[in-house]
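Read from first to last, the chains carry the letters A, B and C; within each, the first residue is number 1.
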């Protein structure tokens, strides 16, 4: 409740093909989302080192999302199916560990779907605002 | 010995609480799963009989990870800020005699003449070690075979002997003497005798013949090249638990954790069985095979260290066997060396 | 137990004499009661040391990729399943391995036995028939007490009659109890446990199907920093994640941990979730079925935008 004391940081991990292109499309169409959302571009959502997601959470990133290709239309054959399975398993791990799995979300869209991208990001941002900041584990004792 | 005294078991708690006014006090505690050394707080009960804690007091002098400096990279120079050394007084109660001797062996490794480790040194100076003779050793303890003892006095400032309702206490150094207060009463001849008997019984139990005299007949190079080393390493899974639990192991590496232009430098535990332990910054690895690394782990303690320091770098506490996931029996590895 | 021991020794000796294997990997008695140690028998005389008991917590298939030549291996059913996974992953060739397995009564926790006053002399014969309450959590949830594949031939494969495996009066596990807690309570529990972690690599190195090697403990991300319990927990969570769909709940990792962190209370809930999502998939049961996380097929449930 009330005004949060620091700005939120949302990390978006975008695959080179669908995710990054969708963000480009959104940019070209002039659609806006918060500057608190930082985007990161990797080759493929299936190939993410899952420590990246854990590290982000540990550093105190308030929300993390991954954007990949649509199901059955992945740029690399089978990439989004693999990514979906592995990232779902990561969500399960967060839940088993007692970590806030709701701060991690995935999106599977076409490269041309700038509107879909922005609508997802804005809605995720609102949800994270409601959840409040996440402090991660910096400075939590030995 | 500077003095010997008695303290009734019920009074140990009050003695430690009084010490809390001036110093930190560390005691063995059951923390739910294991017995560990942990800070003592007012009002708590003190464990006076316990099975040897799996982690030795080494962690209070040479912790798993210790920050040694901070740095900031500027345009033309690097600002280096060493971490402050800890000076607050500290008493560790319930130290196993062979762990105290282990600290003397660690001193030889970490307090080298001309280049002592300042953090380790500060921890050593600020700490008083109150020993408790080992009444419940690990099954695998073999301290008397390596010149140590469950009731040894080396490295301790005081040594407690459990006589049942009270402790007979030997005051061994001035540091120990400074801890005495009116909870202690003078000891009688009868107490001294009982204490000696307890010690003799414990020493008889903690014995296992390692046949180390046989090693004298061979040169270091001959021992190093024995075919025996090709057999004993096979079940090792290179986990490093033995090294980390070992009270005389001081293996470490230095790691920098950097963000932007600032960073922190840490000294962290390392183990000779890890693949990259001896890897140089050029990428060359002198011990590429597990056989070589396992041999190095054993020989560092029983051959190389004695060559330099005339002491075996092992106090026979038995933790290496206790923590080993594949239960390698290091007593047998060392005792059954086949010279052919 | 004695009968099973003899059956296994006899078969191991027979294989060595017939020149069918170069080494037998099995269990030998450990340095003290209630322990076993992995043992390599290179000739038929060494086979006398091979034993089996209710304390065989190590998963010996971890050695298969490291050993050359033809191997006979004594494996519990959960270990056989990891052998099958190693074969699926091309780490081991089926034709080089002779699997000597048995119907497993489950492994017992010596601490519980000691609390009940069981004497160490009984270590060679005590089994879950006598003390089901001493069963480890991972043996309590096990539904695969028979090996899916084995070579022990010409002899009865199984020690016990089918049906009626002993279970304790209260079969709940730590995983069950943690599931009932709130996320914050669970997280707090794990942070407390990982304060003990010493960053050895025992858990990861004792797992036959984890290929990550434990190097993360040496890396910049994980090795240092003020937040040690949190850092250690993070590394182990990446280990748990890598094992999703492959872990056979053999318990080797938890048994290996020198500071007794209850790792299976992370693996068991992941196994259950994978089961729910992927139609009851059981890791390592067949040579043709691989882990759902290795399959580039749509998920059985659509998960989009969350």
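Going forward, contacts are C-beta pairs under 8 Å (C-beta built on N, C-alpha and C of every residue); 3 or more make two chains touch, one makes a residue touch a chain.
Keep in mind the model is a prediction, meaning the values are calculated, not measured.
In terms of which chains touch, the assembly is arranged as an unbranched chain of neighbours. Chain C has the C-alpha centroid lying closest to the overall centroid of all protein C-alpha atoms shown.
Distance between chain centres (mean CA atoms), subunit A to subunit B: 47 Å. Taking each chain's centre as the mean of its C-alpha atoms, subunit B lies 32 Å from subunit C.
Between the CA-based centres of subunit A and subunit C the separation comes to 35 Å, rounded to the whole angstrom.
Those residues of subunit C in touch with two or more other chains are numbered 226, 228.
Of all residues in subunit B, none touches two or more other chains. The residues of subunit A never reach two or more other chains; the list is empty. Only residues 31-34, 36, 54-55, 64-65, 67, 139-140, 234-235, 237-241, 244-245, 255-258, 264, 266, 268-269, 271, 274, 276, 321-323, 325-329, 331-332 of subunit B touch subunit C when the two sit together in their complex. Per the touch definition, subunit C reaches subunit B in the complex via residues 30-33, 35-40, 58, 62-63, 192-193, 196, 198-202, 205-206, 214, 218, 220, 223-226, 228, 252, 255-260. Of all residues in subunit C, those touching subunit A in their complex are 181-191, 195, 216, 221, 226-231, 233-234, 237-238, 240-242, 244-245, 266, 269-270, 273-274, 277, 292-299, 302-306.
Remark: subunit A residues 50-51, 54-55, 58, 71-72, 77-79, 81-82, 84-86, 88-90, 92-93, 95-100, 105-108, 120, 137-142 touch subunit C in the complex.
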